[in-house]
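Next, two complexes with subunit A in common: one pairs it with subunit B, the other with subunit C.
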Partner chain A sequence: MMAPFYKFGLFSEEMSLVVAFVTGIGFGFFLERAGFGNARMLAAQFYFRDLRVLKVMFTAIITAMVGLFMLSRLGYVDLSLVYLTPTFLVPQIVGGLILGVGFIIGGYCPGTSCVSAATGRLDGMVYLAGMIGGLVGFAELYPLIEKFTKITALGKVTLPQFTGIPYGVLVFAVVLMALCAFMAAEWAEQKFGGKAPGKGALLEPVLKLTPVRGFALALLGLSFIAAFAGSPYRGHAASIDTRELALSAGTKADHVSCTELADWLIEGRNDFLLVDVRDAKDFAEYHIPGAMNVPLATLSADFAARNEKVVFYSDGGIHSAQAWLLLKALGFKSSYMLFGGLEEWKDTVLFPKTPAANAPTKEQVDFARRAAVAKHFGGTPMEAMPAAAVSTPSAQPKPVPALTPVPAPVVPAPAPANAPAAAPKKRKEGC
Partner chain B sequence: MTEYTVFRDNPGIDPALHAWGWEIPIYLFLGGLVAGLMIIAGVRIVASRPRERQAMVCCTIGPLVGLALLSLGMLALFLDLSHKIQVWRLYLTFQPSSPMSWGSWILLLVYPALLANALVHLPETAPALARRVPLLVTISDFLLARSRIVAGIGLANIILGVSLGIYTGILLGSLGARPLWSSAVLGPLFLFSGLSTAATLLHAILIMGMRDEERPAFADFLISSLSRLTEARAPDASIKPALTIADNSFLTIELGLLGLLLLGHLSSTEAHQQAAALLTVGPWAAPFWVFVIILGILVPLFLQTLELRNLIRHTLAPSLLVLLGGLALRFILVGAGQASHWSVLVSN
Partner chain C sequence: MSDPNPHTLAEKPHMNPYWAGLGLGLVLLGSFVVMGRGLGASGAFTTAVATAVHTVAPAHAEGNAFYAEYLGDGSVSPLKDWLVFEVLGLFLGGFLSGALANRLKFTIEKGPRIGNPLRLLMAAFGGALMGIGAKLALGCTSGQALTGGSTLNLGSWAFMCCVFGGAYALAWFVRRAWL
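Right, the complex of A and B next:
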């Protein structure tokens, strides 16, 4: 099982809301228990009297950081799929200043104001109302400031990318910085707040391994390992589980049939990428509507996110099978190939064969449907009578008149401009 | 013999997905709530000592609130009717096989039963009103002197309450075209959901009636002026823990019945499985898990358990959550039920 769970389709969008709710309630509960529903507690930070907020928040940050690094290094999390806010330097500095002013005036940050309002504090409710007012105001003003919000776009920047320092070393540095900050905070609390280090605190003048010290040491140890553990991102080197691949190839779980793909395209499904691995020249000549061109030679892990469902096709089956194997090895869980490739696509979808006149009714009915599909993709049924005229000899029961062939092709998938020649080349390649 | 697949998009065969808007869920919620109020009032009046003269939240305030809420619910039901002028025709006939017919007659009987229950102890609850209308005192004296009549009123309330609570579920269940609703569990589920909302509403009324220094001044002013106007005596607060215990039991049973409903569907045909999936993972999953299960049942259960152990104060919070959960349950079951379909079998 790979995280992020949502991006790998472990639960639906609806369930993600449930997960978000449970996580949010948990977050709120612990914020409230830590005393963050009280504006005085937050204001105390700025007087260095009680630096609990700093300690809690910074602990959360370094715990998440070390956990993410370790889990992705061990292969349980795909770090490239974890959401990052893109950086827009100047707009974000301005926004940060506005947020800071609100923070100072109201005594809350957005999260703690919700906690405070939920515990029935009037100042929290006023803050929350102000926040909603601000959101509405921003949304209304957005057309005026849209240009400004887009300036100095740096894309998705992480500290390791920006500084060039290896990821693990930075993790170690941040943990070290946090631990120093915690000790400085305890010192400041004693100096300005007159609060002696509590029992089990980092600076308590007792030589004993308290839980807090144990946790600090564990974080330090893990981040020290991280400093030498290399990059948490998966590179171009790949590993494969041969048994799993053999199983999915042997059970044909790796296939999408041409008729299936045609149905998906007609339904307008957009939950998969259709990838043509032939050269650009062949692609320009003909491709299945909606396909993107990634020639096999240029295929790498970066062409799509690992949670995407990808369907490969080539002329026959060999190239798409190679692409399938490469991407499976690179960790693309839902990678598929078009069974039979373009040859099969032409035979079954674009130019389906008319069944013999005395074929069973079911076959006739199937053909009527396939003929409609062929027309949708710009092909023609071979030696076909018009679909509507498919009638059966009197010995057969009358075909059902109520049959609606296919949901009308409402999809904006354009029919290919230059459909290939009517006589496709016979060059079957096995998969 | 060949089977054909026919794509149906004829509204005559598959009715439009959302024939029922907000009116029906509101009615089902209020109907269930009133059913719960009736049962609690009936049980309380049967269990209390005869000639016991005290203001009782369950037996007087509950039925009075119930009368108002039922009228609101009936209004919603009336708004949903396509042929509003023809409504009287329901009362020209009785069709034993039609839940709709049962419902209209039950609703007609509920009013006098609720009113009778309220009248028994009304003079103690609102002395000012009783002084203006001496008839109320006469009726109350008459009833309290005849314990058999009081017991009969209580029994009638219990029976009618159970019928009203179950009928709302059977009403949906009798519509076989909607797989999500075709379950006999729906009747008891709505009954116990109604009971829990009723118990929690009475609990909330008790809490609002109590003196409380931490309450905002304007709310205290409103409540105290209302009680001065009616010269109401404070209702017996001793019943508060009993209401909370009852509510916890009702919520637990409701949770169990919801589990049975889903279990029954998941072990049935594919259409039923897909209908259950609408709630568990489908488009209704988020509101179902969040508002019905977590906020509507689990959180109030937890809070009320803490209240009973005297670890936290009795507050309005669990009551509001249970009421919200009951309302959400009706909206979700009516919405998801209308979206559940037998034609999933056809399209596969």
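Right, the complex of A and C next:
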């Protein structure tokens, strides 16, 4: 299983919008079930009369947290690919306070106001209109406050990273804290709201394992296991499915040919990383435009995200094959080798051979195209060689383009962005 | 909440909060596993606002760094967005659940000691504050508290404490609206 499914390209962006719609239906359904379409019921949280907000929110948080930890620890989900909103501590503290004040005055938060409006509540609809006004106001004031919104930027950081406490231990602590808070909430509801813990409460006055208690114990038990389970991130440990590996090697499904690569680069495709695994010195002398340098000895699991498509090359084929194997073992699903390596790149892309004058037209036309490609990459077509010379290709000079700049009067295509490594421009992913 | 009305079916009681939380948690977990992201709400409205402003005043929207971030590079409609579709589902899900429990009703939720105009004014004002707060905090209760809470995101936990802190601190002053 490769999850998150979308991040491994298991379905299209169009399909993801269907997923979004279905997810939203589930989200709205349970918010309404919980009573969150009703502002008075939400506000009761802040007078200790009915602490549903706390119970629903934290049950959802610990359910998803324990589930995500376990699925990641078992290797089903790559936790590093689950989106984290970057932390801007001070703006988030100030924003949280404003949001809390807005919550108690308006009676809703954005999600619950949608449910409220959808079930006919006029206050929910007016709240949404107010929120839109607030968003416009924020946007218009943005040039003035932009600096403030960017202060105390800590990047994507989790509590385990920040505190140094192991992830699983924190999972256990949060579950324990939540369950204690639930019981305290039930006690407070009795004291301030006159509502005795009834059926379905943790403190229901019966001496038996009710379903709700069973659920709470299950979460506690799983999180207790989590506390001793180690890191949920995959790290450097490797595992290989040898049959799958043999299949992809045997069918050459792991190959990218030089002409294919040349086409991708000219098209300006940026959905893959081109990685040169040779030494920094060789890389500095010549590399394929847009390549990044990751010498084989430094290759590790964290050089790229596991859902990244990676094409390796080296001089010949050995080092890129070793890099390919390493990444396959580390769980990268889309890892490829440049077939023939740089040697083949020079022969077929940079310095294609001019066909003999009496060659068929098709070959001539094909050569014209290849010559254009060669010029694009700073190479030059080779003159047709006498038969004797062709048999000894090692005698041919193979100038490195960087050293012998070729005057290229015709550029075959508009120069592409020379950086396939750059991420495609994406819009915000967070809330 | 409602006067007994012989012409409408009785509202069904709300779900046990722990089971509703479990349901919500599983939806959230499903989103993590399938999409690699959590839930959200306010972001969809920001996208809608940015798109609307861009339609009315394109130059103004493109010149504003905040709007620009939500408009993307212009190759696809900004509304073709995950959160926008999720929030459309959110409306439908809420409606379905409300319909199944006989809770669909044109009404205003408020305490008995406040009039409708003041309640609506408070709703609008609270909504506006929420819009500002959510953008400052890079998310609302859905995107930050629920999603960030369950991924142990540092900023989300700081945010969550402040939401409860802010609401509790002001609750006494606005008690007439709710109690």
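Brief remarks follow.
Rule of thumb we're sticking to: the second predicted complex is superposed on the first by the 382 of 431 C-alpha atoms of A that agree within 3 Å, B and C clash if a C-alpha of one lies under 4 Å from a C-alpha of the other, contacts with A are read in each partner's own complex, and residues count from 1 in each chain.
Convention: a residue touches a chain if its C-beta (ideal position, glycine included) is under 8 Å from a C-beta of that chain, and two chains touch if they have at least 3 such contacts.
Note that the structure is a prediction, hence the values are computed from the model and not measured.
When the two complexes are overlaid on their common chain A, residue A:Ser12 makes contact with subunit B while staying clear of subunit C.
After overlaying the two complexes on the shared chain, residue contacts for A:Tyr167 are found with subunit C alone; subunit B is out of touch. Of the two partner chains, subunit B is the only one that A:Val365 touches; subunit C does not reach it.
Once the two complexes are overlaid on the shared chain, A:Val22 sits against subunit B and subunit C alike.
Touch criterion not met for A:Leu207: it reaches neither subunit B nor subunit C. Of the two partners subunit B and subunit C, it is C that touches the larger number of subunit A residues.
By the touch criterion defined above, A:Tyr47 reaches subunit C but does not reach subunit B. On subunit A, the surface patch touched by subunit B in one complex and by subunit C in the other comprises residues 17-18, 21-22, 25. Across the interface of their complex, subunit A is touched by residues 2, 4-7, 281-286, 289-290, 294 of subunit B. Listing the residues of subunit A that touch subunit B in their complex gives 11-12, 14-15, 17-18, 21-22, 25, 360-362, 365, 397, 400, 402-404, 407.
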